[in-house]
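What follows is a set of notes on a single structure, which appears directly below.
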Amino acid sequence: QDVLLGASVQLTGPLANTGRYYRDAYQLAVDRINAAGGVKVGGQPHKLALKIYDNQSDVNLSVRQYTQLVSQDKVNLLLGPFASNFALADSAVSEKYKIPMVQGGGASDEIFSRGFKYVFGTLAPASDYFGSTVEMMKALKPPPKSVALLYADDSFDVSVAKGTRPLLKNAGLTPAMDERYSSNTSDFSSLLSQIKAKNVDAVLVAGHETEILNFVRQAKSLAVAPKLYSFTVGVPSEDFRKALGKDADYAFGMTAWLPHPALKDRWFGDADQFAKEYKAKYGYDPDYHAASGAADVAALAQAMEDAGSLEPQKVRDALARIKFDSLYGPVAFGANGQINLPQVVVQVQGGQLAEVFDGKAFVTQPKFPMPAWNAR
Amino acid sequence: MKAWQRALVVVALLVLAGVPWYGSDVLLQFGINALLLAVLAQGWNIIGGYTGYASFGNSVFYGLGGYGVGIAMLQWHQPFWGGMAFGVAMALVFAFLLGLPVLRLRGHYFAIATLALAQVMAAIVSNVPLAGQNIGLVLPPLNNDRLFYGLSLALLVIATVVVYWLTRSRFGFGLIAIRENEEGAAVMGVNTTLYKVLAFALSGVFSALAGGIHAYWITFLDPESAFDISLNVRMIIMTVFGGAGTVFGPIVGALSLSAISEVLSSEVTSIAGLFFGLVIVAAVVLMPRGLADLARRVRQAGWRYFAENVRANWL
Amino acid sequence: MDLLAQVLVNGILLGGLYAIMALGLALVWGVLNIVNLAHGAFIMLGAYCSWHLFRYLHVDPFLGLPITAAVMYAVGYLLQRGLLNLIVRAPMFNTLLLTFGLEVVLTYLAQLAFSADFRTINPPYAGEQLQWGPVVLPVARLGAFAGALVLTFGMWLFLLHTRLGRAIRATAQNLVAARLYGVEPRHLYATTFAIGIALAGAAGGLYGVVSQINPYIGATLTAKSFAISIIGGLDNPLGVLVGGLFLGIVESLTTLYIGPTFADVASFGILVLVLIVRPTGLLGKTA
Amino acid sequence: MNARLEVRHVTRRFAGLVAVRDVSFTLAQDEILGVIGPNGAGKTTLISLVSGTIPPSEGEVLFQGHPINRLPAFRRARLGIGRTFQIMQPFPGLSVQDNVAVGALFGQGGGESELAKAREQARECLDFVGLGRFAGQRADELGGPGRKRLELAKALAMKPKLLLCDEVMAGLNHVEIDEVIGVIRKVRDQGISVLVIEHVIKAIKSLSDRLLVLHHGEKIADGAPDAVLSDPAVVQAYLGKRRA
Amino acid sequence: MSDPAHDGTPLLKVEGLSAGYGGMPVLHEISIEVNKAEMVALVGGNGAGKTTLLRALSRLLPCTGSIALAGRELRTLTPDQVFGLGLVQVPEGRQLFGRMTVQDNLLMGGYRRGDKAALSRDLDRMYALFPRLGERRRQLAGSMSGGEQQMCAMARALMAAPVLMMVDEMSLGLAPVVVDQLMEVLAQIRRDGVTVLLVEQDVQIALSGADRGYVIETGRVVLSGSAKDLVDDPAVQQAYLGM
């Protein structure tokens, strides 16, 4: 007898670019688990089946689709959508029908502060995104003196900014600029000119990939080169490096995940093998979104086995207690349902992604400070 | 109305009213959504279909209704009804304050001005802390879809009764005269300014109520989805698809298009949007006067009906 | 002071890009009375066209503009001839809806054809700049600005002072009379629409040089284009340039002095004000 | 004293052009006043100033002794000023009957409140102007002259006290003109004051009690039709030598 | 009253033309002829179908029967092609390009003419003919008075250098002095070899200037003949001249 997992993700619309990571990761993980014989629940092997809808990047539609999954398609368990506002809205469905949802697409603090019992998140908390970056800045020589914090006005990025301010304060840095900008802004020239005029050393940007791309390109065309800039998204993804080419160099970013052979996994062997398999199947490199998605499936599989039952209530209780190692890292949920993983600082160096700082020490030497654009 | 038409309306109403008893959860949710869209279409019908002003600002009313409920319930701890009243009040203020200057514009200019208003409202609200800025507001969930369905259906019935009254009242006749020729109407004694603003406000009240119900139902509200222009475009499409300036056209349009889009998004999933676009294009070309006109004329003309439409509007 | 100068220059250069984006929209709207909600989608297609030329044939994006414009001209011509001409005599809503449907279709086709990946057109000089005193002038934006000047002025000359331009305007105002006076409207409409789309395509090519491209950039570009063409005034291409510059400067200054999240409040707020005070735009003729 | 309409020193400018310049006249109860003048003399503008579709630049308009300068067009309509348009303004998508019903619903004194009654009155007006058989047709299917009559019917349905006719006979042949003359006379006999603009000399001569001539926006003659039409200035500016 | 063409075939020969709107017939088997350099008046009551006939001749309206201009069949042509052959119409209701200047309107009349010099000569000629238009060449045509617009429409048609000019309701809304002037203009261009088909409500004026006339009633030609004969015809006098 099959176990049916359901999800509604962004396959079309403005969020499709990231949404596809989830569809692809879910599918790959399900296939892999089935190839390994499925999950054993109460001694019986069960195959996994996957039902995915395209929500066309529309929140309202995604809510209806989750309802459809639960009440009509009778899925056993739920996987999540991409993006915080979707997870926020969709988790209400899982809560209402008491079907656990493990989601790796929403990290905003609001999702987990509502006291919901059936939603679990595998993205690290938004408030901690720049934690390791700020740590690294302290260790740089010479350490940056002035900082600019720019962030988009959506819930995830506002959470990031909120978490970053005390970190900067503890590091003895008062931001020279602290600016909220509208999501989907395409022109950053005014902000960049201010960065230049104020001679800011380090620029931290929490935003979306489209905005980051424009930011970097416009920084170059206006000859704005702070000593360091770091972005919450984009840097770890292959797409980013492809789109910018050489201009992607020197950009810092962070990830909770890199395809490390050290990350052992029951189904894929290790994270590196997962990445290879993923690339072979879909033709592009996975990033932490994909790994997080694969871990969601693994978490559900593990929870079913632990619970020895398919009953949603029991699976939920098992999830709350779960503790296992995955290709994504050690998975265990806090009381609010969210995972906690340290962010690793990464940088694009010579077109390649390099792990620079693991939260405590340098792994690779960072390229710092960033040279002027015409001196590269 | 003829007897058989009246019977048809009663049967349709019974079928709709019965959904909570025989329908599945999904059907119920689809129903709430489709009924609210029908209310929006019916509201748009008043200003767009009868008065001839192509408003792209009805999504503003919808958003204000939603934020009325959101702010009142979440920030001020008022009951839902208080929120609805607050939303309607904001919609009325908006209709009178901005309707007066904007309704002086005609045709495309009016359309664009209202479109811009929707953008401005979204931009303003995303800077207002009381409204949760761009992050939005999360309301406490009330898991009672039957109630929401009932509210939506009741609202639709009221809106439709009002529109029906329009077609047989002096007020409605004045609106139609404005649509057909505004200057001509003014010199014949129609208080065009007042009538237009009243129509705008009336259409706004229904949109705001729909927005309030939707916000409480979906429990989540942010500027982008609250002042969504594509929602406004959908109101227009649904109205025109069914028949603008008719009593039942907007309802038929809203329900049928919702159904088509719902089926597409669960059957062909990721190319649903593409199909939806094609449906719109085909509908505009083949039946520019909507389903109402189709139903009236296709019986005599048969397939030639479509060809005639194409010929009539072809260059 | 240097900062203010730089921000003003940023605004002016941004305004040039805006003007190019809106030029085609204003033409199709002002002249054919078609409110083209798919305008942004055509900009997007133009950007992809330039991107393909650059990526696979190594055609410089500025040199490739005529090719992009020509391709988009053909697309526009065929669309008007084959589709929009079917409904030009229908009421206003219908064109609105048709172009909305078209926008949806084009966006989805673009995603199917080009995937949702983000692209940029990144020639070596895209990041170059000229130094002018304390002020930095990005080369790509300067190029776009120059393009805007040339195209706007060209359009103005064309519409007001050529036989074809006059015929295009005449047809827009009175179809029956134009036919009675020797105009072949099917071809003329298609030509006009095609010019509008070619302009959109050119704008897309330039847009790709300064910004990123994905299938979903269309909708916001359409909204911006509306604001620009209204602020300037529809019946005069020079108005579009004025509108673009005005909007670019307002947005840049708002970002500097009030905050980046208020740029949209300012730009669309001003649009509403302009419409209320001067419905025909800053440069439009009052009836 | 009991002038229904009084126009005092009214001037209207359009961007550098004076369309009406310092014109004064009165129109008594049940009087028919003819207004003639060369094309572009300002006749239509004068009607628009009285009906309120454009405001005067200077001067004052009084209706039944009350100044109405500040009233919008619809208020003037409710006071009893009905007009027709030279460039016809029908409600194109409505039936001919409903076009006229608008007048009955909103006209003088606020109009009829019941739709059915208004339609009935509209029907009577249509019969009155000879459009009865077109009642059910869409207004935009009428030909030019039909639309002229429709204009008249719409204005009459308002039950006006003052009727402003802008070239309602243009495009009619002599027989049809005689019919319309009959209609206007009947209207006057109901106690309605009428102002007629017309280029058909024969008609205006036989219809008007008094004749007013505009030229370049100025009043150049005002008096009994025969006297005015033989005034050399009028002959020179308007009639042409052949018809003098 | 057949009138065999004395100088070969007539310029315009319409035979058995029927037309209507949306299935409702308006014209029934109309046959008329217009010879070169002739002025022919078309008269008839309100709604008789005169405008409809002109629309059909300009190919704005589908019809059956045949229309031959200088021996060439027009029924298969489009309005712009017909215009290209020199069949030019001053339509009912003027149909100016309202938001364009007077000058642009006149230039649109010459849209199909390539010769720039001749075009500008004709433009000057029009301004001489209609001084009011000369004064107002930059005014938007739509903001002019009714009569001024009528002059503009006439001038626009003349700018096309027509072979056969059809004028619908020429005198509509014009001061008598202007009507006389325009009749003179028509007489003048006729002397230059242009043929005129005149639709006129003022039957007296129409027949006073025309060579021949046709009387149309409810879509049928009921009378035709020389202008003089028609003026003297008691039926015409009773129905159209109010005598």
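In order of appearance the chains are A, B, C, D and E, and numbering begins at 1 in each one.
Methods note: contacts are C-beta pairs under 8 Å (C-beta built on N, C-alpha and C of every residue); 3 or more make two chains touch, one makes a residue touch a chain.
Only a predicted model underlies this, so the values are computations on that prediction, with no experimental measurement involved.
Number of steps on the shortest path from chain A to chain C, with steps defined by chain touch: 1. Remark: among chain pairs D-E and B-C, B-C carries the greater number of C-beta contacts.
Rounded to whole angstrom, the centroid-to-centroid distance between chain B and chain D, based on C-alpha atoms, equals 42 Å.
For the pair chain C and chain D, the distance between C-alpha centroids works out to 48 Å. Distance between chain centres (mean CA atoms), chain A to chain B: 38 Å. For chain D, the set of residues touching two or more other chains is empty.
Residue positions of chain C touching 2 or more other chains, listed in rising order: 108, 261, 264.
Of all residues in chain B, those that touch two or more other chains are 123, 126, 134, 271, 273.
Taken together, the chains touch in the following pairs: A-B, A-C, B-C, B-D, C-E, D-E.
The residues of chain B lying in touch with chain C in their complex are 48, 54, 101-102, 104-105, 107-109, 111-113, 115-117, 119-120, 122-124, 126-127, 134, 229-230, 233, 236-237, 240, 244, 271, 273-274, 276-281, 284-285, 288, 310, 312-315. The residues of chain C lying in touch with chain E in their complex are 163, 166-167, 169-170, 173-174, 176-184, 235, 285, 287.
The part of chain A that touches chain B in the complex is made up of residues 11-13, 52-54, 56, 59-61, 63-65, 67-68, 70-72, 85, 88-89, 92, 95-96, 110, 114, 153-155, 158, 182-183. Residues of chain E that touch chain C in their complex: 58, 60, 78-80, 83-84, 88-89, 91, 95-100, 104, 107-109, 111-112, 140, 142-143, 156, 160. Put simply, chain D touches chain E in their complex at residues 14, 36-41, 43-44, 86-87, 141, 143-146, 167, 170-178, 199-201, 237-240, 242-243.
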